[in-house]
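Right after this note come the structures.
Two complexes, one shared chain (chain A), two partners (chain B, chain C).
Up next is the complex of A and B:
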């Protein structure tokens, strides 16, 4: 059975809500039924087959070709299966994702993996602001799973994060790990201002010395035996995080944010 | 156009009609006597249907700043409850604190035609009126909030006479376009700003040296002497504090026979007995209400589920913030006027305290004898959203249903309430009193809440159903000012209600002291404080209905 392949015919004039096109909704549908589904696009409704040419039949393995940054809510609440996006994705990619695999070859917009519960998201390009964050006003962001971004991420990555891993090969913007309750964010590149702003618990693992706020306390240099175990868990990833030469166990540890609970930590490679 | 409602079973306590079959005639928005020979343009056959006037919610937080704070604080309340537009209705959202348009539609769809905002801060009165001006179908009005404002406390500290207070109260009511006066945690909101975290009835404000008892007395006297029909609307001291039943009894005693309305009394009826030091004081309260004819109450029933509490009582809201669910809250100061606290709440039937609060409210409803002096409210949204009224009516009218729900709540709470032994079931007439005639009389609405000739034609028609929740959820017809606005529980046309006010007289020299005060302490100039009629009417949809003061010749 070949993957269900949706190829975008032309760039839509308005943003498109892609949330109906997830594996669990399509499981029982025939190709013509899938083509007849409607997607909200701005004020109007578009049929799936107006927007995409459809091939293949495996609804548990969806490929979106020629994807652009106006396709929002790709993989919303995904419960199983795999979605591969060739091109860019819009906002709210993998929103509330419960399980499964999503891979994007290009860049993704705001709020990728917002309130993600479990599963795996891989972005080969850059991600926008609020990666793995909570919706505005909500108290819990990403609750589990793993996000790998090979490029850079915007501001507020992991805002209100509760559990899970965010792995960033590039740079992170301002307020990385803000208001984190728990979980791990690893950044190989540079980080911006206000790192870990108001974080309560959780770990920020950095390859480069950050510009820390005064509300983080230096706790000295440590050799941490859990780090090799953490790096070992990244072995299977298609990423520099799996590369043994990138791993380390000697860090400078900072505790904060002292204006909050102060049980979070920033670990910087020595 | 002459409309005839034929042969409905009419419940109109205002004219003493209790379930008699009658015809009602409507012309030009008002109910009229049977015209001699006119041709009926539209007739509705209401044989077997229950006919009441439109319901009036005399205490519901539908306008003012705290609603917007609640909306801002709880975007999930909106996301989870979107309402799409239709050809005649606008879109909106919100379960606990719906948007203005949705508020109007949902009230109308339950047969309500008026709602009164009980906490209009003088400084924010313009915003409250503008917001209520966006609520379709419903009539509205507001009680202006005094008692923790620095100006009044200064008057009291300076031992000014009652006339000076009366002038200030009347001036504020006129400027803020109010129909009543409310006091919230008398002086307590102000005391909070001087770092007091509780204030008993006879405890002095540490800065002004004034006690809540004095404030209540002076304001209740002012309201009576100005001639405002609605008695002083009191949210008492110590809201939600176990043992506050004594404070409430003292408050009733301390007012010395002056008319006083105690609002959401359920939150003020707690004892300290039992293993959890939390018990029902409803029986004592009900006894005091039955004995003191100068007192009216509304209940502020809680019902289980998610809601948000929004109150001017920043002292008590600050104390309760640790119960916030979801865990986020706001308390703020509002200039020299008062404060504000917004705490989201999830009442749970398996939580002992919540379960007992539920039972205390119902005990109060069932133990107070006179339905003319008790009103059906949930203190929307503080006890529950107003959309739960049909459920509440069923709890009051159906003992077996009530006991069924009672048997599912926290077992310790079941042991602490006498609810199971109370046999009373409300009648349709009593419901009509509580939600219509009584409410109109309490607020002083001269031509609402009744079905006799001369009243505005606010009329709700229900299909009698032993499941009272189903009955009250979905009226067959609702007329607002004679216009058919709801059919089968769905809005079919919309219009704009009026704003009910009183216009008390005052000595213009009151502004001398006030001007200086405004210039020195307020962000607003005195001239801008006063709301003109035009501001409510100039968009062509609002209107003002002035109601008489006692002593006026009607």
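Up next is the complex of A and C:
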């Protein structure tokens, strides 16, 4: 059975809500039924077969070709299966994702993996602001799973994050890990201002010395035995995080944010 | 049945159901992992008075441990799940948490999950940190030498305790030498422990006693100094009897380790003073698992 392949015919003039096109919603549908589904695009409704040419039949393995950054809500509430996006993705990629795999070859927009619960998201390009964050007004961001971004991420990555891993090979923007409740964010590149702003618990694992606020206190240099276990869990990833030469267990530990609970930590590679 | 001049009795070892768990202790080096493991499995020879039976299962290569450091696998057996959990937690708290550079991990993936570091975390007095990695929860507890890392839970599984065999020899040194040879080979087998000191017990017991308060007492039928005083099971030339007791995860594990152990004893043979192999058979009073010696050695 070949993957259900949706190839974008032309760039839509308005943003498109792709949330109906997830594996669990398509499981019982024929190709013609999938083609007849309607997607919200601005004020209008578009049939799937107006927007995409459709091939293949495996609804648990969806490929979106020629994808562009106006396709929002790809993989929303995904419960199982795999979605591969060739190109860019819009906002709210993997929103509330519950399980399964999503891979994007290009860049992704705002609020990727927003309130994600479980599963795996891999972005080969850059991600916008609020990666793995909570919706405005909500208190719980990402609650589980793993996000891997091979490029850079915008501001507020992991805002209100509760559990899970965000792995960033590139740089992270300002307020990375802001208001984190728990979980791990690892950044191989540089981090911006206000790192860990108001974080309560959780770990920010850094390869480069950050510019820390005064509300983070230096706890000294340490060899931490959980780090080899954490790095071992990355071994299967298609990433520099899987490279044993990138792993370390010797870190400078900073505790913060002392203006909040102060039980979070920033661990910087030594 | 006679193997190398050693008579194998037509009897069976009688064993009983237990609950078991395994934990992995790692440390900066094997020396400190072993010290911690020895402490954790100390005073754990018999459920009769220790609350559990425990021992070191084997030394682990760093490639086999979760944190890539030298480690030791220990197993603990108890009569019930509640008792096992209590013993595990108490011992982990007093013997591993306290041991320099140690870390503690689950050694059984399946089974009912029982606390390992889950409650020890409170020692961290609010400074403890939880990390969930690959679906497993770990607790990082700040201690004076750095951080004590403990997996939250380990697995509790059904197991069997009290597998055994008796080595009957012409002298005490010969009985001990045979048991030492057996233990050396038996320790190579996974999923089993021999919980008595050095794996050998010289005070095998029978069920019951003339004293009402005691549930077990000396196995007088196998005491050589009582040959003329009791209904003995010993022939005149037997001067010493020693027992090897085995706890294992499954009947197959115990079958296998008994075969290896008895074979090692028989390899020394009659020329080294080994006359008979027998077993602790309590007439069905002790437990439902029966390990027939001749079937095992067939």
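Rule of thumb we're sticking to: the second predicted complex is superposed on the first by the 270 of 270 C-alpha atoms of A that agree within 3 Å, B and C clash if a C-alpha of one lies under 4 Å from a C-alpha of the other, contacts with A are read in each partner's own complex, and residues count from 1 in each chain.
Methods note: a residue touches a chain if its C-beta (ideal position, glycine included) is under 8 Å from a C-beta of that chain, and two chains touch if they have at least 3 such contacts.
Since the model is a prediction, treat every value here as computed from it, not as a measurement.
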Legend entry - Superposed partners chain B and chain C on chain A - clash or fit: fit
Inset, instruction - May I ask you to decide whether A:135 touches chain B, chain C, both, or neither, giving the answer as first, second, both or neither? - result: first
Inset, instruction - Have a look and say if chain B or chain C is in touch with more residues of chain A. - result: C
Inset, instruction - Once the two complexes are aligned on their shared chain, state how close chain B comes to chain C by Cα atoms, in whole Å. - result: 21
Legend entry - Touching residues on chain B, where the partner in the complex is chain A: 72-76, 79, 326-328
Legend entry - Touching residues on chain A, where the partner in the complex is chain B: 135-139
Legend entry - Touching residues on chain C, where the partner in the complex is chain A: 26, 66-69, 103, 127, 129-134, 138, 140, 146-147, 149
Inset, instruction - Going by the contact rule at the top, pick out the chain A residues touching chain C in the complex. - result: 163, 182, 184, 201, 203, 222-226, 228-230, 232-233, 263, 265
